[in-house]
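Chain naming follows the written order as A, B, C, D, E and F, and within any one chain the residues start at number 1.
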Amino acid sequence: MSDKKTALVISAHSADFVWRCGGAIALHQKKGYDVTIACLSYGERGESAKLWKQGPDMTLEKVKAARRKEAEAAAQALNAHDIQFFDFGDYPLEVDTDGKYKIVDLIRKVQPNFMFSHSKYDPYNTDHMYATQLAIECRMIAQAWGHNPGEKVLGAPQLYLFEPHQTEQMEWKPNVFLDISEVWENKWAAIQAMQGQEHLWHFYENVGENRGNHFRRNSGGQAGGKNCQYAEGFQAVYPRTVEELD
Amino acid sequence: MSDKKTALVISAHSADFVWRCGGAIALHQKKGYDVTIACLSYGERGESAKLWKQGPDMTLEKVKAARRKEAEAAAQALNAHDIQFFDFGDYPLEVDTDGKYKIVDLIRKVQPNFMFSHSKYDPYNTDHMYATQLAIECRMIAQAWGHNPGEKVLGAPQLYLFEPHQTEQMEWKPNVFLDISEVWENKWAAIQAMQGQEHLWHFYENVGENRGNHFRRNSGGQAGGKNCQYAEGFQAVYPRTVEELD
Amino acid sequence: MSDKKTALVISAHSADFVWRCGGAIALHQKKGYDVTIACLSYGERGESAKLWKQGPDMTLEKVKAARRKEAEAAAQALNAHDIQFFDFGDYPLEVDTDGKYKIVDLIRKVQPNFMFSHSKYDPYNTDHMYATQLAIECRMIAQAWGHNPGEKVLGAPQLYLFEPHQTEQMEWKPNVFLDISEVWENKWAAIQAMQGQEHLWHFYENVGENRGNHFRRNSGGQAGGKNCQYAEGFQAVYPRTVEELD
Amino acid sequence: MSDKKTALVISAHSADFVWRCGGAIALHQKKGYDVTIACLSYGERGESAKLWKQGPDMTLEKVKAARRKEAEAAAQALNAHDIQFFDFGDYPLEVDTDGKYKIVDLIRKVQPNFMFSHSKYDPYNTDHMYATQLAIECRMIAQAWGHNPGEKVLGAPQLYLFEPHQTEQMEWKPNVFLDISEVWENKWAAIQAMQGQEHLWHFYENVGENRGNHFRRNSGGQAGGKNCQYAEGFQAVYPRTVEELD
Amino acid sequence: MSDKKTALVISAHSADFVWRCGGAIALHQKKGYDVTIACLSYGERGESAKLWKQGPDMTLEKVKAARRKEAEAAAQALNAHDIQFFDFGDYPLEVDTDGKYKIVDLIRKVQPNFMFSHSKYDPYNTDHMYATQLAIECRMIAQAWGHNPGEKVLGAPQLYLFEPHQTEQMEWKPNVFLDISEVWENKWAAIQAMQGQEHLWHFYENVGENRGNHFRRNSGGQAGGKNCQYAEGFQAVYPRTVEELD
Amino acid sequence: MSDKKTALVISAHSADFVWRCGGAIALHQKKGYDVTIACLSYGERGESAKLWKQGPDMTLEKVKAARRKEAEAAAQALNAHDIQFFDFGDYPLEVDTDGKYKIVDLIRKVQPNFMFSHSKYDPYNTDHMYATQLAIECRMIAQAWGHNPGEKVLGAPQLYLFEPHQTEQMEWKPNVFLDISEVWENKWAAIQAMQGQEHLWHFYENVGENRGNHFRRNSGGQAGGKNCQYAEGFQAVYPRTVEELD
């Protein structure tokens, strides 16, 4: 176990981490954290339309391989410490008790200072909300003194829900904005690594810019706000514990 | 205008600030902030039963004077920088446009780094939720460049909603806990300054202890949590803007 | 002040009490309560279309008189103890501080064991939700020891929100159903006293029957439920305090 | 009264209609509607920072005049049928009963097939949510047969809540997306007419593009969705009444 | 695959479709749609009390047969295009991955323009809310290009949640009312085909009438509303995409 | 089957019933009810930190035995009629169809007048919210006439959600307070039987006292409230059915 601060991303499909918290990954790496990305599936069935449209020769294994390659390139662009692929399948993502214990193993190994996952609700994509349920359940198991006694027990890391595609439909409400201006180039490179989903590139560029506007507003606007250019928003599940307000 | 950091409490009645954010006041004073308390009323009609029970000789002015004295003693116990009494009346609290401008004047004078007020909803005490509406409305007016042009315009201070008496009925959900252990003695002294509401002393001692438990849990519990003894909880209205997550 | 148990209905317009809690009024009268009805307005502008359609000779005073007559007949059919008309105007209903104090006077005079008013939210009819706000605010004032010191201070009566016209749009959720079968004839007579709103008679007959079904279900259904024929639903604002669960 | 279909926008400040429903205005004009815009204030105090920063010679009247000119230019770019300025003041917007009746007069004159206003909740800008309350209240008054008897009474037009600046903080959830691609040039011209708020131009260009993406998704995505480029989102307050589902 | 427009009902038990969307089925059939009904179970254990009360000779198979016969008669009364029985069992309804794929097969075969299922929440009947989860999950799988590559992928059909038995307890809020007056006779015949649940006939007649009232109100009421006699209400899960507002 | 009134507690882990409804158990026993406690697990992995910290010799069986002993002692202190251990495992608690049927068997055997379980939502402890789902689902199965035909079918008992550890985070809102003053000694003895969780004793003493304050307030406060010293709060899932309001 490293002395470094750490973070863990639990991503339902292999590209989610890019659009939704790529900036946070690159930024915290730059600040000295080790950030680990866990892809529960490759999004091979449900988020790879472009590959499947290539024709009848396409196979599940080929899609997985292509998706993995893209995700690794994106992780590299973000300087992520590690990326793990659980290959649990998608549409639907289904994880049994053994699968949960593998996620717990990773959580305990990483001992994250904070975690990331999806919105609580998503009627477009049930894999997303299921990944969040898993994150919450596995965090709980990792806190159990009787699970693999002798292992280091997990504390109480924050769980940040990252931005879904249609925020209002997912009942997602960000309560923290993170300035990612200084690592935007990394995020933009990671986005471009997602060759199969080029139709989303500009959408998430717009998101980054508009969240930058929200950051400026909430940090003071025209009366002293910070000149942030790009930001990401997150919804914290648990209350913070502080020694001073801000 | 001082170079110090500042905070502003908007309290519907003259005792609310004691039970609900007395610890935050004392703690931030200790950390070098100037904390100003604004009491919109004395709670003279609705929160002074003990005085009114003394008999037919009691008058509104006597009650106000007694309540003011207690509030000043409490503010002193908390080392608060300043306490202001607006005397808008209570049960019901009613503030007209001029009254709002007086609150705006104070907000602009203090230029708070953050503010405190009541819960958004309170079916037991409409003065409380009205005070919160006023805090939000006056914060907005203080941000208007066309209000008293030339004055320093307000930035975007956080508004922390402090703990109401029956949290669940008020739909209040804290998202930050503040460790007030080191100033608990000040808060306890301020609480005891509220001679007219002795029936609430022990209640809020219990609240302080139990919020300490919640702080311990959320900071890591038995796996590295901070040994906090007393805490206060707050619900932030606006999203935070940060350069690093925690 | 009587030794009888009492209840107080706060009705925005003069017919609301009939459709929404006529059964509760008749039933509790039968059980020995004194039930007082307070009509904040006659619904003269907004709920008297049939009268206004009679032509250009119709006047506000004529409409008020007709509405009052109907309401009194309905109150009589329900054997209500008293009906009071505040004549605050409607569409919009607007009540100033003096008006609030008149409502407080009535609350203190009645000293109700429980109160009734409208749903918290109503985007079709803002008078309705405003009446509820008034009920909550005036209940608070009536509890203040400093309001008209020497008068008997109000305890903590439950406030039951009665059924609005389109329940789901008003976000109204009943948590108690009252069996009104034994007084249905009274309610049906009171409904028929509302000559100006005959288009609503059958609607509320259906409501009474269907709430009877909900009563049967929630009391045990086919496995021991009570054979209720007509019911009314209410949403309690405050928690109950009991010595035994049921 | 025209035989044309009509719509009415109730805008708290004089620029809100541009960012939030400019496309809907231009589109429905093109389809033969007469769309009327009602600006309750000029946003002269709170949304004119650029003008006030010009120095101590700026006056409220100068700001209003400049804001009015911009709004008229924007309305023209959108081919709006009419724009009305109520000049009720801003930060805070406050409307008395007479003011409400003026709004009712306009509603009855326009007899809109549907209306637009702000989100229900807005802790950044209480004028916005107050405008929505007014829209709902004045719609109700316009429906009252006893208000100015003899005038044509209002039916039940839909009220569409247009997009606020920080959607998630306002608890705004769109349930309809409108394709405005064919009138985007008009909206973009209207946006550029807002010389005092250039910092918002690109933000709302991004919003238009990203709502276009949401339109594509919800109309079928890669499996038959319509190739919409720009869209606006709205939250309908009332249920629709239809003769066929879609 | 037909060129006709189509719709698909996902009904937890074999009678749900009758009470909750029988009018919509008959109406859209009349308009030229092919409407398919999928009964996930017969409601053989939990919704067949009358049959089970006949005595110890009753068996699960007999109940299923009787329930199937009733459902087929009802479907015929509604002129439904097709009715499918999945026989997954009830109380509790439990569907494994293979079962989900069978539902997906049907969805893809039907290629519905819109779908129907239950409310999101139902603490009385967990089968109902589980059916809705399945509808949402299977809709997602049917949209996956990698699921049975080569098959026609699903677009983005609306999912309408039909009316549950106690709407307010289920947190169901209709946002569209459909006029079913012209097919009421079909619905009434289908209702009467449900011999085992005669205690519900009149209840749903009342519902049909009262939803007719809500339709009239929301289409203009006394000022131009449509004279609808019977209606059904639905809650749309996804936003609409339109080219003109209404 | 006894003629006595009965109640049933469904507790995820073996200590939950003590903190959360120990008073209700002791009180209703005293009033002549037979109260049965069902512990779905011992909390052996997740709520036994003190035991696991004793070192590597600790085993799952030893922990279960110790936990069972404590729970039995607590049940005895409360004079509970019966305590059953299902031993389904914890962190995570997972129950298959057979397990559900065992719970249904107990429900049918007890035929409870009312039931208790956890809050609907709990992001700290998914076992808790899962136990509530089970309680609701098994209640439904127990109501099915086709489940084990011939057995006595369940009516419609209320389900009371007892107090979770951090009420606001669990979105738990009590709507009934029960005076447990006369059995506080029993509850305090039961609490002290929980040797492994001594860190929670004082916390729940404070909760008991503060809920006593809430009871006093809601029963009339200083104007006639009952002098309750200790109370427990519950959230009822279903509406009540009554013959008189209170």
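Everything below uses one rule, namely that a contact is a pair of C-beta atoms (placed from the backbone, for glycine too) under 8 Å apart; a residue touches a chain by one contact, two chains touch by 3 or more.
Worth saying up front: this structure is predicted, and the values here are computed from it rather than measured.
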Via touching chains, chain B connects to chain D in a minimum step count of 1
Co-neighbours of chain E and chain F resolve to A, C
Across the interface between the identical copies chain D and chain E, with over half of residue numbers shared counting as same and under half as different, the residues used are same
Among C-E, E-F or A-B, the pair repeating the B-D interface (over half the contact pairs identical) is E-F
Taking each chain's centre as the mean of its CA atoms, the one lying farthest from the centre of chain F is chain D
For the pair chain C and chain D, the C-alpha centroid-to-centroid distance in angstrom is 37
Rounded to the nearest Å, the gap separating the Cα centres of chain B and chain E is 52
So chain C residues touching two or more other chains come to 49, 124, 143, 145, 169, 174, 214, 217, 222, 233, 238-239
Every chain pair meeting the touch definition is listed as A-B, A-D, A-E, A-F, B-C, B-D, B-F, C-D, C-E, C-F, D-E, E-F
Given the complex, residues on chain E that touch chain D span 7, 24, 27-28, 31, 113-114, 143, 145, 153-156, 158, 160, 174-179, 214-215, 217-226, 228, 231, 233-234, 236, 238-246
Chain C contacts chain E in the complex at 49, 124, 165-169, 171-174, 202-203, 206-207, 209-210, 213-214, 217, 222, 233
Touching chain D in the complex, chain B uses residues 97, 100, 133, 136-137, 140-141, 143-147, 149-150, 159, 237-239
In their shared complex, chain D is touched by residues of chain C numbered 44-46, 48-49, 52-53, 56, 58, 60, 63, 90-92, 94, 123-127, 169
